[in-house]
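Each of the next two complexes has chain A plus one other chain: chain B in the first, chain C in the second.
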Partner chain A sequence: MTALIINSFREKIRNKTLYVTAIVGMLVMLMLTCTGGLEINGQKMISFKQMVPVGITVINLIGSLLAVMISLNTIPNEFERKTTHLVLVRGIRPWQYMFALTVGNIITSILCVLILFASFAGFCIFWGQVGLIPRALASIIMLSLNTAVISAIVSLFSIKLPAFINGILGILIYFMGVFHNMLTVAAGAADGAGGVVVRGVMHIIPDFIAVQNQASNFLVGNPVDIYPLVVQLLCIYFVLTLTFVTFRKEV
Partner chain B sequence: MKAFKITYGCIGLLIISLCLYFGSRGLPEKNRELYNRAYSISNAVESRIWSGFHFNQYPVAVRKRSTEYVLQGRKETKREAVLPVTAATAYKMKDGMNILIPCKEDMDSLGQMAEGLSGSGDELFTAQFALDKEAMPDNRYIAILYHEGLHALQLDNYFERMTNILPKHKDDIDFNGMLGEIDGQTGIMDLYKKETKTLYGIIKSKDKAEFKTGIKEYLAIRSEREKAVKSRLGAKKAEDFIRYENFYELMEGTARYMEIRIAEILKDEKLYDEYLDSLQESGTGREKYYRSGMGICLVLDKLSSEWKDDIFSRAVPLSEVLNKLAEV
Partner chain C sequence: MLECIDLVKRYKGYDAVSGLSFAVHKGEVLGLLGPNGAGKTTTIKMILGLATVTRGEVRITSGVRIGYSPETPYFHPFLTGFEVMIFFSKLQGMDRKTRVRQIEEILEMVGLREAGDKKVKVYSKGMLQRLAVAQALLGKPDILILDEPTSGLDALGRVEMIRLINRLKSEGKTIILNSHILSDVQKVADRAVIIQNGTKVKEIDFRDEHTSKDLESTFIEVLGGAVDDSIDYK
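Let's look at the complex of A and B:
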């Protein structure tokens, strides 16, 4: 199993697209945080304090979008290239293979977030604020729980769904998770059968904002509530478990 | 493979156990301590700030995740959260008005956002990781409890009368749209800022003549701003818009006024000054009515000790009360 995960991860990090996307992400990050060209609510973001929240939000956003992109094609590509068949004839069971590919996707997605974080660390050094790096890193690691969840979900869906639909669904789930609070309010106000469906959907959408809140608490030194983080771990575990029972017909 | 299955199963058990453990931890003691402090000043608030407002008669439901711990005096019960989302508000239950408030730990993260104050979408997105975001001071939490407590009083007894201030055809009005349009007008926003700055000056003034001139000046600026709103939105829309402004000043301005007075009762000068200094900063969205309403209430305190007696039952805009009392 470990060998499968390592191979899946190696395969991913050999992919040039990953680096190109990560470099573009880093450049966007650096442009936003170091050039002082960003404006929020008519106010120029020029100081270090103003740029830190922007930087972390950008890492979170780009990291999650990268997770969707990374996880989208791994499993379908394996099927297309018939690698799956080659692996399965060697006695590896389908669930082991799906699980390993999903874990590989999760690890690669987290690595991407850490690469993006390197640019943020560069930004901290640029401003002479090296002391913030460990706290920000821990905060980013908490945020990478969200990245892992989105990567796991997109990987699971990719076993069954076409890439285009899966990509849209992945991004939709990400934004629904980020705006979980507001959408739950809206769902609560919806009437009739539609309302019941929407409320049901909001129950299964992972609460990304709860994890973001805890990451932010850690960054600014407020007490951290462990519960939302553990719930996110449970969510990853649940999705990973579903890879044991989700197959394609051709397998 | 057996080893993998056992390890995987154990990890699952561990995660589920952690979920159960962290999920079942009750209300942190800090919240009870803050409620008890709020409860203990209830009589002083009734006698010194708002006659007829008994905070201690309302159950306070402190929300921790999806559970509410309902506190009233020494009694404590537990229930499922009544709202789908964390918010500080007053809410009518079968057994009467309840004050709903997130636990202190959540308020440390959410701050006054949970009270529903407006901000731009961009700010909402990035403010989460702001380095200068501080935990909410204990006294501010108590002040917010009283803010919601005053809403409980309003909603319980006077809400229908208070909504008479709003236009009759209120369901057809896009107030938020108009608010966005007005917020985008630099000239009008400058006048809003000038209004609250003038209120600040009046509250701070110690000279009687200066105080009276300040009120006249304030009313003149307000009238000038209302004219500017009319010329921007047109007479009909502006009339509706101003009615909404008056409503929010009465509803939320008085509640914010309660907050600053609580800071005074708690002898928290720093918090008191923070509220007062907010009059010197520019606010956007509905937040500006919280501030201007509070400012007018503080000026009214200097003019009369009885202005609060029937302010909700008569449901008169605060600015009208100020105008009338200033003429006397």
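Let's look at the complex of A and C:
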């Protein structure tokens, strides 16, 4: 299984599109956080503490988009190229195969977030907070839980769904997770059967904003609530478990 | 060694394989012949366990290992031929010592010893096909299934592949050769099963003087004149 994970990882890191997206993301991140001209709701962002949530949000957004890109085609490509045949005839079980590819996607996605950390370090340096760089790294690692979740979900869906639908679904889940609080309040106010469905959906949508907030809190020295982080870890565990029982009927 | 008994594969609305029976014996090369869409690849997929069997049975002698070379092999272009072999040998759980020794032997056998250090992206189609056969030989399988090994190859590539199959045959390998190129099958096979619409329409033993003389005529005869353009008779 390790050989499958490593091979998947080696293939992914050769994808030039990822690097271009990561570099563009880093530039966007630096432009937003280091030019000093950012205004939110008419209020100018003038302190490091004010800019931290912005930086974390940008990293989360770009990291998640990269995770979707990375995870979208890995498994369908294996089926299309019929690599599945060469792997499965060697006694590798379908669940081992899907699990390994999903883990490969997660590792690559986390690596991308760590690459994005370079721009975050630049942001810390710009605001004269060099001492906070190690703390920022820990904060980014915390944030990578979100990336891992979105990567695992998109990987799981890619076993069954066409890439286009899966991509849209992945991005939709990301945004629903980022606006989790708002949507949960709205769902609570909804009546009837529709309300029940929406509340049910919000229960299974991962709470990305909660993890993002904890990453910001950690960086600026505020208390961190461990609960959303544990829930996100459980979510990764749950999705990975689903890869054990999801496979295509014909290979 | 391997026996398919009344094999049926049903997809929505049609039978890709319909009551197919044949057997492969130790040390022989069996050709599966038929036009495109005859059900050859589906049969192979059922033998390999890659497709479920709707009805019937695939009987494989206990302990028999099968190696498989696909029609259109894909290997990661950034890997070298040697690394491809390492990857598949790891999947098979081979230990490091056996792995290195066996890979060197196999690459030598398929004529890729020199090219083993080169990236797969620079390989010709013929080399890729030979690498596909090479990975199928890992773990010394008892039966080798080759799916269209000469398809899409130029003249030289075909000659090299036929030589390789003959070499494997001379070493006593049991081979199922899936092909739509009659002349290639005739050059290496001991027997052939002609399949059309998922059913066996004829079984030929090339060791028998009478049947081996004119495979082309036999083929046209058994397919009732409805000859598919995809068949390469030469």
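Methods note: the second predicted complex is superposed on the first by the 224 of 251 C-alpha atoms of A that agree within 3 Å, B and C clash if a C-alpha of one lies under 4 Å from a C-alpha of the other, contacts with A are read in each partner's own complex, and residues count from 1 in each chain.
Following the convention adopted for this analysis, a residue touches a chain if its C-beta (ideal position, glycine included) is under 8 Å from a C-beta of that chain, and two chains touch if they have at least 3 such contacts.
Every value quoted in this text rests on a predicted model; they were computed, and no experiment measured them.
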### Message
A:Glu11 in the overlay: touching chain B, chain C, both, or neither? Say first, second, both or neither.
### Response
second
#### Entry: Touch count on chain A, higher of chain B and chain C
B
### Message
Looking at A:Ile56, would you say it contacts chain B, chain C, both, or neither? Reply first, second, both or neither.
### Response
first
### Query
What is the contact status of A:Val87 with respect to chain B (first) and chain C (second): first, second, both, or neither?
second
### Query
Does the superposition put A:Ala3 against chain B (first), chain C (second), both, or neither?
second
### Message
Let me test your reading of the model: by the given contact rule, A:Thr241 touches which partner, first (chain B), second (chain C), both or neither?
### Response
first
### Message
Does any part of chain A touch chain B in one structure and chain C in the other, and if so which residues?
### Response
none
## Note on the structure
Listed in rising order, chain A residues that touch chain C in their complex are 2-4, 7, 10-11, 14, 81-92, 249-251
### Summary
Per the touch rule, the chain B residues reaching chain A in their complex are 1, 4, 11-12, 15-16, 18-19, 22-23, 25, 65, 83-86, 105, 108-110, 120, 122-123, 125-135
## Note on the structure
The chain A residues in contact with chain B across the complex are 1, 40-41, 49, 52-54, 56-57, 132, 139, 181-182, 184-185, 187-188, 199, 212-213, 215-217, 219-220, 222-223, 225-227, 230-231, 233-234, 237, 241
### Task
Spell out the part of chain C that touches chain A in their complex, as residue ranges.
45, 48-52, 66, 68, 70, 72-74, 76, 78, 87-88, 90-92, 135
